[in-house]
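We just call them A, B, C and D in the order they show up, numbering each chain from 1.
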Amino acid sequence: MQTNEEQTPGYGADMHCERAAGYIRKCCGKEDAAIHFLVGGTQANLTVIGALLKPYQGVISSEWGHIEEHETGAIEATGHKVLILPGTDGKISAAQVEDLCRDHAHDENHEHRVQPGMVYISHPTENGTLYTKRELKEMARVCRKWGIPLYMDGARLGYGLAVTAAAEERQEDWPSLPDIADLCDLFYIGGTKVGAMFGEALVITNKAYQEDFRYHIKQRGALLAKGRMLGIQFEVLFEDGLYVETASHAVAMADLIRQACVQRGYSFLYETVANQIFPIFPERVIRELQRNYVFFVRTRTGEVKGEPHAAVRICTSWATTEANARQLAADILST
Amino acid sequence: MQTNEEQTPGYGADMHCERAAGYIRKCCGKEDAAIHFLVGGTQANLTVIGALLKPYQGVISSEWGHIEEHETGAIEATGHKVLILPGTDGKISAAQVEDLCRDHAHDENHEHRVQPGMVYISHPTENGTLYTKRELKEMARVCRKWGIPLYMDGARLGYGLAVTAAAEERQEDWPSLPDIADLCDLFYIGGTKVGAMFGEALVITNKAYQEDFRYHIKQRGALLAKGRMLGIQFEVLFEDGLYVETASHAVAMADLIRQACVQRGYSFLYETVANQIFPIFPERVIRELQRNYVFFVRTRTGEVKGEPHAAVRICTSWATTEANARQLAADILST
Amino acid sequence: MQTNEEQTPGYGADMHCERAAGYIRKCCGKEDAAIHFLVGGTQANLTVIGALLKPYQGVISSEWGHIEEHETGAIEATGHKVLILPGTDGKISAAQVEDLCRDHAHDENHEHRVQPGMVYISHPTENGTLYTKRELKEMARVCRKWGIPLYMDGARLGYGLAVTAAAEERQEDWPSLPDIADLCDLFYIGGTKVGAMFGEALVITNKAYQEDFRYHIKQRGALLAKGRMLGIQFEVLFEDGLYVETASHAVAMADLIRQACVQRGYSFLYETVANQIFPIFPERVIRELQRNYVFFVRTRTGEVKGEPHAAVRICTSWATTEANARQLAADILST
Amino acid sequence: MQTNEEQTPGYGADMHCERAAGYIRKCCGKEDAAIHFLVGGTQANLTVIGALLKPYQGVISSEWGHIEEHETGAIEATGHKVLILPGTDGKISAAQVEDLCRDHAHDENHEHRVQPGMVYISHPTENGTLYTKRELKEMARVCRKWGIPLYMDGARLGYGLAVTAAAEERQEDWPSLPDIADLCDLFYIGGTKVGAMFGEALVITNKAYQEDFRYHIKQRGALLAKGRMLGIQFEVLFEDGLYVETASHAVAMADLIRQACVQRGYSFLYETVANQIFPIFPERVIRELQRNYVFFVRTRTGEVKGEPHAAVRICTSWATTEANARQLAADILST
């Protein structure tokens, strides 16, 4: 509201966007990164992938990748195949990418097959898991070996960075924002899922992909006219660490719930550390909890001692109150 | 800010969007229209045109159409040609459309040419002109005759409706919102250029084009996650007439400036009635005015009595104060 | 050569194409089928699939489907996802399609996922297997239930029809050409792989997909200027049964080789009945045979009694001489 | 027929294609040119243009260009806009291209407009006209200045080269095949319209565009399985000069007819020198001639001395006999 009367240039050329970009560059430790603000995640993914791939190339992704499963074919609508790799937890490994690229290159009919042209990972993944710094390094090495860019979908990046921040003392091996900026050719910092009204900040660290990028954004209908609406949000989120702070709250709330599950003896579909947890409950417990809480049932996991079980997805955010989290933890403990 | 703590479903399924859609349906006099809220105009255009056309069809547009000139090939990126018609003022006529369709149908090689599949008009046009109700009726008749939808880009629709509202007593022939809803198969009501932070409300009145439309929106990256941000704005704009009220202010401000031009004896590049005016000034006057005002020089128009002249584009908005408008009018009178 | 001096209209409007279409309609028992002649299989697939799908729809295929594996992303380049189903032998089942369609329809986020819009099968498949008439009927039933077209890639159709013809007395359950024309909405009869220099005859039996189809062909660069080159070939192939006759020879040659494998005690990767066979040989035998024959090694299948084995792909054609086939059979028997 | 029993590798990797490519390279004076054989002209155009342009770029063409008028939006279906330049004779000038590129670069909203990314010319043009060597040089200079490739559609190239060959003694300024190979980044040598059954030979002289080109061909469905069918034709056409010889016959036949028109006092819609002529006849004469000849009426040109006139298109080919040409000439003289 404070900026409504400001007269600013449109299309992201205003002071708020400029300042926000400056803060982000600083947090990334990349003074020459190009920063663009887009409205949403699918929009960012289709714009980036459509921009970087040659017509005959596809993008490598986990079978759980958002671009594979939940974007209504947005990537294919830009003309490109998603080359999927299997894996239960939403992550793909450098070894899988290496195999796929080598297999393609050695096929004598390689011209009849889509050429791998890019690696897409999400961090945290759709299944709530995180790449370690070591895994990310190895992925970057393989990508550089094959000459293809590494792109990270950071729709939930804040929650990953919150884990990294919390783990500093514990000497765990999670990647920081400068690590990510070093290892990925480009990535986006998600606002929509981490406290913003909307907005994703695309960071292009590899200069080879910076040229003329605004053309791509405009062509995909992704250039917000009153761009300052995006700039203002990221300015606030990145000026003083609010982004990670907000996410840390959500991760702490998830931890409360996770610990209750562990204490009560429930196991998990995926081992997660950020703001998503996938506990396996008896179906009777699920029905009970759903009276008061909204969550998805992810997968039926079979019977344990004659009782049907299923994994559910519980997700916290900046808006999750401690009172609510504690209540849910207590409710889980009393099942 | 009042809604930040509300817990709502995402993707436009919230109460704000529902209420906003209800208000718009009522204003249109179309209880069964489908309403979708999108973020921006290029996004709306590419989603609609990509959705409605068959692969071998193109969209008919004025050579001045936004889709032809200012969307970085967004329409072609969905696979479709823009079939342009000439005209100085940004409007196209029903007779032009009739000729193009008949010429195509009678060409024995018609299968080698793009089939006209849709008519795109903007109202007000990019050149500030308006279709009369009679012109719009005639266009709708030709479109129905050839079985192709009529789509109106209403990025500036509020300013057109403001003219219609003001003209009611003068018995002029401008189309009202119910007229537009009757005559067009679909159109969008622009928020971005008429006081909203962002957002366009797509109104699909023809049921043939309503099915599965959300798939198109999602695929184009145009489905806003926190859809209530769009709903809230249109709720406010359409609950009590704020939309036309806001636009009427801008039109009144343009009228002040227009009258000053007329009084001072300046002519115009296009005869406009809404919030854009295109007066022709001596270049010396332009340089003088540009010391205090920001506007585009549109076209050099040659010399008058040895002095070079050019047409400029002056545009008012909800944020134009009466003081500023009066000052500009005075400055024009004193040139 | 006999037609080189003929003056004919271009683009498939000549007498040869007309006659060829007439013969094909008669063989299919479909007097109102639309027939189009295209140059190659990938071209036919991308033209058909790009034509029939709505932008947000994908095509269901086996993971072994030619469109999935060997067309360099041609389908995705028209904007559509290939929705793959697993299976070892290249076939997909009606039950799989039913499950996929039901799963999609029941997903509350279905608008975020690609809608299944078409079923693609090949017959014979890329793995040399055939659909029974019963399987094809069941697939057609499921497709009609869900309102999506069934499309058959008949690149090798002749070899399937040769099996059907040979099996008539044996009362086996293979589909005839009229069966296929009844059950599929559209399919193509492969010329390139069955004796022609090039060319595929697309048969559209469902009238809903016949309109304006030549526009699609032209847009994809698939409308041969001197169309009579295609017409002549299919005229000859379908006037007197030469198509199935040619294919029957290839199938008989494959049978000779298959019997030798059986007699010698070799097993097969897939159970095939047409012109492709996939016997599993000791790798030592493969090296021996490759001195005189050209064939692909398909899959290493592990060790048997300490000796590494692999499946190979042996393929016969109209040009395979009986002498050569008998020689290979003898060579296999003497391993 | 002589090659039907040959066993060759598929997809253009055979000896005929290799030899044909060698002959073409030699005729072009470009030992390192990449040569690919495609089936048709629209296919060549959409494959080349889709391959070279970045997503936000368009291709510059005359308003008469084949890609603009007669390919059913094939270029737009690959995602790209055709940026048209006006001109009556089908040619565009280097000055026009310079202006368009400069205008784009200097527009402060250039990111909202399609970036010019390629120049497409045809030689001879659709209107039968030819570029002079000087014009072609100037065009190449402007293209290099702006960093965009120059692509020549040579569907009728033989007829242009026939004019060049005939003009050698007359010291006229038409470009030779080596000139074209020097000045264009890539071009195709048309077979379909110059005596072949089908086939176009794409010559990529600029190494920057050679990499991975076969992927593009396969993806567009343009990789002929039995590629030797293309190789054989170009082998014969380019081994001993048959290509230009064939075309020269057609040009000589057109000259006979052209001279008759001149002698009888008829004028022309376009001044042409190759195998197309566009004489302007009284409509009465047209009706008379159409009793015995097939040709298009191009444009009504108004009345001369009260009699309505129109321009027609007369086109000769390798198959035009001298007897027929002389008869037409005589018939024109006796009108």
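Going forward, a residue touches a chain if its C-beta (ideal position, glycine included) is under 8 Å from a C-beta of that chain, and two chains touch if they have at least 3 such contacts.
Nothing here was measured: the structure is a model prediction, and the numbers come from that model.
S.K.: Average the CA atoms of each chain to get its centre, and name the chain whose centre is farthest from that of subunit C.
M.R.: Here the answer is chain B, farthest from subunit C.
S.K.: Please work out which of A-C and C-D is bridged by more C-beta pairs in contact, and write that pair.
M.R.: When C-D is set beside A-C, the one with more contacts is C-D.
S.K.: Quick one: subunit A and subunit D, Cα centre-to-centre, how many Å?
M.R.: Each chain reduced to its C-alpha mean, subunit A and subunit D end up 50 Å apart.
S.K.: How many angstrom between the C-alpha centroids of subunit C and subunit A?
M.R.: Spacing between the chain centres: roughly 41 Å.
S.K.: Roughly how far is subunit C from subunit D, centre to centre by C-alpha average, rounded to an integer in Å?
M.R.: It comes to 36 Å between the two C-alpha centres.
S.K.: Can you pull out the residues of subunit A that are in contact with at least two other chains?
M.R.: Expected reply: 55-56, 71-73, 77-79, 111-112, 215, 218-219, 223.
S.K.: Mind listing the subunit A positions that touch subunit B in their complex?
M.R.: Where subunit A meets subunit B, its residues are 1, 5, 7, 39-47, 71-74, 77-78, 192-193, 197-198, 215, 218-226, 229, 319.
S.K.: Which of the residues in subunit B end up touching subunit C in this complex?
M.R.: Result: residues 50-51, 54-56, 78-79, 111-112, 115, 212, 214-216, 218-219, 223 of subunit B touch subunit C.
S.K.: So in the complex, which bits of subunit A are touching subunit C?
M.R.: So the residues of subunit A in touch with subunit C come to 55-56, 58, 69-73, 76-82, 109, 111-114.
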